[in-house]
Amino acid sequence: MTATTTAGPLSSATHADYLEGLEPVLTAHDISIDYEVDPPVHAVRHASLTLHRGEILGLAGESGCGKTTLAYGLNRLLKPPAILRSGEVTFHDADGTDVDVVALRDDALRAFRWDKVSMVFQGAMNSLNPVISVRKQLHDVMTTHRPQMTRAARDERSAELLALVGVDPARLDSFAHELSGGMRQRVMIAMALALNPQVMIMDEPTTALDVVVQRGILREIMRLREQFRFAVVFITHDLPMLLEISDRIAVMRAGEIVEIDTAESIYTRAQHPYTRELLTAFPSLTGERGSFVRTGRSDETGPSAGTEKGDAS
Amino acid sequence: MKFYLRRIGFYAVTLWAAISLNFFIPRLLPGDPFTIIMAKLQRAGDISPQVENTIRLMLGAAEDKSIWEQYADYWANLFQGNLGVSVTQFPTPVTELIGDALPWTLGLVGTATVISFVLGIGLGALAGWKRGSWVDGLIPSTTMLQSLPYFWVALIFIFVFSVTLRWFPIIGGYDVFGFNGPEWTWAFVGSVIYHAFLPALTIVISSVGGWLLGMRNMMVSTLSEDYITTAEAKGLRPRRVFTTYAARNAAMPSLAGFGVSLGFVVAGSLVMEQVFTYPGIGKLMITAVRNNDYALMQGTFLVITLAVLAALFLMDVIYGFIDPRTRHHG
Amino acid sequence: AGCSGGDDNGDTGTGETGAPAAEGAATDRELVIWAGSQTPITANFNPYAVGVLHLANGGIYETLFNYNKVKDVDPTPMLAESSEWNADGTELTVKLRAGVTWNDGEAFTADDVVYSFTNETAKPSYLADAKAADDTTVVFSFDEPAFANEFAILGSTYIVPQHVFSTHEEDTGESAEGGEIKGLIAWANAESPVGTGPYLLDTTSNAAYTAKANPDYWGGAPKVASLRYVGIDANQSAEDLLTTGQIDWTTMFVPDPERITASGAYGYVNTPVDPTVLYTCANADLGCEGAQTDVAVRQALNLAIDRGTINEKAFVGLAKEISPTFALLGRDDKWIADGMPAESPQTADAAAAAKVLEDAGYTKDADGFYGKDGKPVELTLTSVDGWSDYNNAAKLIEEQARAAGLKVTASTISWNEFADARVSGDFELIMGGVVGTSIADPFQIYREWFTGDYTQKVGTALEPGEWNFSRYANDEVDAAVATASQTNDEAVKKEAYATVQKHIVEDLPYIPLVVNASQTFFNSTNYTGWPTEDDMYMFPPSWQGPSSGLILSKVGGTE
Amino acid sequence: MAERRKRIPLTWSGKLVAGVVLVGGIILFAIVGPWVTQDPRSSDNPAMLPPEPGHWLGTTSLGYDTLAQLAEGARGSLLVGLIAGFIAIALALLIGVVGGYLRGWTDEFLSLVTGIWLVIPGLPLMIVIASYLEVRSLWVVALILGITGWPGAAVVLRSQARSLRVRDYVSAARVAGERTPRIILVEVLPNLLPLLAAQFLGAVLLAILGEAGLSYLGLGPNGSITWGTMLNEAYTGGALTRGAWWWFVPPGVMIALFGCGLSLINFAIDEVVNPKLRLAPAATKRVRKARRSGRDKLGRQEAAPAAADAPAAPGVDPHDDGDPHDDGDPTEQKEKVDA
Amino acid sequence: MSSLEVRHLVKDFKVRGGKLRAVNDVSFTLEPGRTIAVVGESGSGKSTVARMIAQLETPTSGEILLDGAPVARRGRALAVYRHQVQMVFQDPFASLNPYHTVAHHLERPLKIHGVAKGDALRPAVHGLLERVNLTPAEVYAAKQPHEMSGGQRQRVAIARALAPGARFLVADEPVSMLDVSIRLGVLNLLARLQREENLGVLYITHDLATARHFSDEIIVMYRGDVVERGPSDAVILDPQHDYTKTLLAAAPEPSRHGRLRDEVRAELAAGA
């Protein structure tokens, strides 16, 4: 199965090569999501993509282009005023069955969540409940999805998970406010790993952190991915970072996926002008200055329309 | 620790301020208690010179002490647990009167406030959870309840339920026609509950709206927090999300406000106790005010302030338990 | 002069009646009484104490005689059988009832009576001496003629057991300011008070207290086995309890008594005795200020008032017409001098009022209000907050005065200010009450409310017992009152009263309005023996001592 | 960040309309009423008339026209409420905003005072003060209510001022060289307006209720007619037991209606300050509508009944307004609700 | 000589349980026409330095000298200082008062510093707007902040800083809150102004790449200390201090795509 469907995004030949022999784990087809506000916002338009077992798929794009919305759509987390106009999401379970995610209801949906697809949120810093301990929050996941686990087993697993992400298991009884931002992020990742999901969606999990900490966490994610072979959808607007960690990158703009390709192709021969514009926004640290400053060449007016939303993230 | 020290400092200063206010207000304002009491007695009819003399003695002719000396004496007396003697209830010490009245107020107002709080928080949480639903649509109408004058509601209740329908008693904290004072029997307890019903209902009706609205709004805000989305993404059961994740966080500010609100409720119940002839602090205070019984007035005011402070303190402690963030504030 | 009714020889009691005998059947049904107590009730049955509870006055402690405030009749002998003045009024001999015992079993003796008048707390200043002539005779002696104090001695002094009270003379208590008070008044007498009355204290609590019949009562055991006095804080609550039949005897204002009596369960009597007036600070010589110091203004106001409407609206038609002489119409008619108007006008006469003013040199200004020398008449009429009948009357007077061209502004004030104002004389007009006399003679009012001895300069507080709030001072009135006080001769007194009445009716230091209602409701279904319109054997209010004791001893069940 | 949303105008939601109609109607009644009714102090009517043409709300025991009294009482009560509200808000502003903005010792001291004043129970204090005062005009009562009514608002304003203080635009104004008073007045205050309005309305309501309570105890303003004094007179005149509901009920209902109106307006203000309160329910309704019209794929398949509103399906159902970007500063909201 | 000099700046904050030294002995000199970048991880004290220079925070010790003279903390002298030294804040959404128009934001400093008043105000405001490329100026002058995009708002903020005629600009992470696609525009604007108007700019950022390209000199801060400083290329291309090296290593570099993945794989392979 290929990622490119419909009139879809640009991609290169290397991309097609790359896809050879990969086994899909999550297929989304023709997803359109609207926000029922006045006037309606078409946040995601006919987006299709396929995620393969064990791969890291980067999702890039400027603020407000619909990345988070798409991710929520994949995991059926849309809330009012969002509505799913169209689209199919299929999860290809490791045991060979296919799950129609859009058709899932109540208990089935809850059972699916986190067990198959887990998520680390954009505001991961605030994703922990401030009034109950880390241990309780980890246990919550296990008591819900693995009711047969004993308390001791849960404790053991919790400690193991924290150790896995490099947090001292002694921190199990801490509350969110007692942990640093990086630690909270790691706890969230540990929680996402708790049930050994096959897919992990990470929505800007590191934007609020400083580069050094961010680096550490990225490393952790990469390492865990190698260990557990889950697939990752990694969302960020930081293209350079995506380039470093992803196998493939999808670039979104105004709700559409405009280009999807391997990281290398995106860097070396991006086809869509928007992708190229995004790349120039990040001048190379060690390389040339590009269109940047002090050269006299000024595109300072920038995209004049701008976007209303300057996102804090 | 510093947090608690600060709080304790706050309590100490507040207490000092309340007590001092208590001392100075009667002294700074005009009016000679002797004349006033005489006038009152005279209204009732013949008054003998003996009685007159008695009153003079009773009030303790204002000795020629400076106000600061009096202030010092006042504190000394306070520390001995001596709040003076009531003039209207002569010669009962104020402490005794308060001691008799306090359990009634605490019982009634306490229970009613807790009921109102729990009800308000519960319904508010539900309304916030199912927002846009009919429960939520009900919210604006509850503000109507909040705007009703307590005593007006109470009087109408009495008229309707006690006088016209005769379902409930008209006065008292228990059946004053059947019991010769409090006793420890089931019948008595039953009577107390029966008599507390309407007053409690009044309090609940007039105060539940505030909790409800506050909780509902907090709930709406809380539900957009990331940890709620996370909880849902984790596949937790809605009940769990509702209780442990949403409601519990949303209730925090209400809890913090609970102590202060308790103060308002105590105050509101002053009038209510008067209407129901309920043997509590509020009525005692009004009796004191009506009769210019300064010692009693000061005593009740002090107790009400203390009660509010105690409630606040309790809330501080409870809050510390419920909200880990304050606990570790150091 | 004696204060008793029309008995020339000064013998106020004959001894052959008196012993109250309960009518009706014995009953176990508890009689529930509201006598005005508010909660919390503090047990205090010491008649010398300020907070003494109603049961004590009459129910437990008794006086020598019981005077009927509403009728001109001989007082009912209680612990005394008869009394007699000497000719010049300096000696009063009282014959005591024999065979009376205190409820602790001790015998009641003349020494108890002497003690009740001579103990430090009780001793009146006018009494020179009291002695037990024998076991059943006590002789009171005075330095001056003391006819005027007869009621105080015989009718309002409670007789207490010396053997109990003398042991409490050293009791100490604490005063409100933290000081110490000492003596009988510091004692609450809350444990089985020892008295001679028809009832024994049973239980006390904050909300109510109960009493049971004294089986050894000298007048025979009361028929009602037990009483319950409840504390109620609001009139409204009491009315509600009455409506729902939970109180058996109470005296309180109820605007529509028919509603309660309609079912026939309750009997009802209205016994107006206390005048309601406008106090005017009348005497500029003593420092009063304001237009009301001019007698013409007072007269005009008096004429402008529509008493009928006031009674109808503010007093719900329950008050009675007042006599400008302050004699209680019906009871004191014989004291009203010839030529005096029996009652104050019931309708307004604006024209007459205008004439009075214009004769006195007042003129109307553009707004229609009278003034003199460019100074408009502007009077503030205050009444105590919460006394709704008074507040309402004041509002009506404001309106009525306006119609007569007088600018009167009604405003309410607190108790404090009311008490301070009238005692210090710092007021213009106050809506207030005059305490009606307990016997059929207006003397006490004349002396205490109208004479110069009973007032002070404005700014100086009146002493307790001085009631002349209006600062009225008239030598002729003073002299006439002095004359009346020295005699027991009705003719002499009447002449003296005529002088007094002439002046007060003209000068109007108190502008009379109505005689205020006093409504008593009683359960006539389960009890008999209450004072009724037909048999007003005693002043009926439940809160009045000692008369309430007498009533209690007379009430019985209907079964 | 919250201010990005603050510019959203008050949308004329049903609540706001209802509130404005109620409050406006009552204010209009207070203004116009006394002109068209008879003299509220004229006893020239039969007493205790039940409602009838000419006396639409009957008469009192003195023969006053109840409707006229109600109109005059509206003036009195509203006046007390407004004056007390102004005093309370002025004090709250002074103490809260100055404290919150200046910080340091000033703030410590002012917030201590606020804390104390908050704890010392208001009504008892009012009762004590009122009972000592000999002459209580309308203004005095309003003053008492004002000086006991400010601390709640002060707490809210203070925390808001504190959070505004560290806003960059305040720093920017300082860098630009603005003086402190001007910063407070021009930069900080306008941002407090919605909150201020809400607090003011709350204070007005509190004062009107407080006045009624005081009046009931006989400690209300003397010489003026307010809803409170009407209630007091009706009560002492035994209106209820005498069946004169037309005398006792209307003042209470007026208070409740006015309070209700104020609360409804406050709702709308709350929704401006915290847009989630408005957006969230609206969003739910919109989606419900979209589902009915079949635009939502999830909804279409979920045609099955009950599930639509039940919170039982959090994924489908609505616990969020969905726009994580536009959260107001959460601490700010908490602070508000705290108070 | 015209310069803004910072000498041995130290700032302690009182925090629970003691003091926190946010800035420890920072010195540098900013000259017109030059840009100094301050980089360092979150919490290293960059903003505190900026705020001290803008006189929003009082240094615990150390001095700030303008043209060789110590800076007064209040009164006229402070006004003179503010005339010369202005600041641009990180968040353009927060640094404009939502209740005032763009014109208000620009008029105030013009008035306060006596640059223009009365009839001259309007043209002055328009001039400023044109300088930051917000044309047509009349349209923008009348706008409310919420009617503009982040980049436009940041331009207004810059115009405001220029209004008094400042010669030195402290820019605290002026673009980190902006969308990736408009960041460059704002930075380029700053660069042009600096060049054309001979501004001295203190550019605070955690983005090493822009620091390098935008500034002449880089100061690296770590926990309040200056750990390394030097000409920008030197610092970036030849870092001396360990912390600078860590920082550089952590910064994502598009050209090194796939590097992290390979590193991790290698590590794991080695570990296994």
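Labels A, B, C, D and E are assigned to the chains in the order they are written; within every chain, residues are numbered from 1.
The criterion applied here is as follows: contacts are C-beta pairs under 8 Å (C-beta built on N, C-alpha and C of every residue); 3 or more make two chains touch, one makes a residue touch a chain.
In this text the structure is predicted, and so the values were computed from the model without any measurement.
Enquirer: Would you mind checking which chain's C-alpha centre is most distant from the centre of chain D?
Expert: The most distant chain relative to chain D turns out to be C.
Enquirer: Return the chain whose centre of C-alpha atoms lies at maximal distance from the corresponding centre of chain E.
Expert: In terms of C-alpha centroids, the chain at the greatest distance from chain E is C.
Enquirer: Please tell me whether B-D or A-B has the greater number of C-beta pairs in contact.
Expert: Between B-D and A-B, the larger count of C-beta pairs in contact belongs to B-D.
Enquirer: Any idea how many Å lie between the Cα centroids of chain A and chain C?
Expert: Result: the chain centres lie 92 Å from each other.
Enquirer: Can you give the whole-Å distance between the Cα centres of chain C and chain D?
Expert: So the centroids are 50 Å from each other.
Enquirer: At what distance in angstrom does the C-alpha mean of chain E lie from that of chain B?
Expert: So the centre of chain B lies 55 Å away from the centre of chain E.
Enquirer: If you average the CA atoms of chain C and of chain E, how far apart do the two points sit, in angstrom?
Expert: The computed centroid separation for chain C versus chain E comes out at 89 Å.
Enquirer: In chain D, what residues contact two or more other chains?
Expert: Touching at least two other chains: 1, 131-134, 219, 235, 240-241, 280, 282-284, 312-313, 315, 318-322, 324.
Enquirer: Which chain E residues reach two or more other chains?
Expert: 91, 93
Enquirer: Would you pick out the residues of chain C that each touch at least 2 other chains?
Expert: 236, 240, 243, 416-417, 420 - these are the residues of chain C that touch more than one other chain.
Enquirer: Okay, in this complex, where on chain D does chain A touch?
Expert: Answer in residue numbers: 1, 279-280, 282-284, 286-287, 289-291, 295-299, 301-302, 307, 312-313, 315-322, 324-325.
Enquirer: Would you mind writing out the residues of chain B in touch with chain A in their complex?
Expert: Residues 225-227, 229-237, 240, 244-245, 248-249, 252, 322-325, 328.
Enquirer: Spell out the part of chain A that touches chain D in their complex, as residue ranges.
Expert: It comes out as residues 34-37, 64, 68, 76-87, 102-103, 105-106, 109-110, 113, 122-123, 309, 311-313.
Enquirer: Where on chain C is chain D touching in the complex?
Expert: So the residues of chain C in touch with chain D come to 235-236, 239-240, 243, 254-256, 259, 309, 312-314, 316, 385-386, 388, 391-392, 395-396, 398-399, 409-414, 416-417, 420.
Enquirer: Could you pull out which chain C residues touch chain B in their complex?
Expert: Where chain C meets chain B, its residues are 30, 32, 38-40, 42, 44, 48-51, 121-125, 152, 156, 173-183, 185-186, 188, 202-208, 210, 228, 230-234, 236-237, 240-241, 243-244, 246, 415-420, 422-423, 433, 435, 438, 461, 464-465, 467, 543-544.
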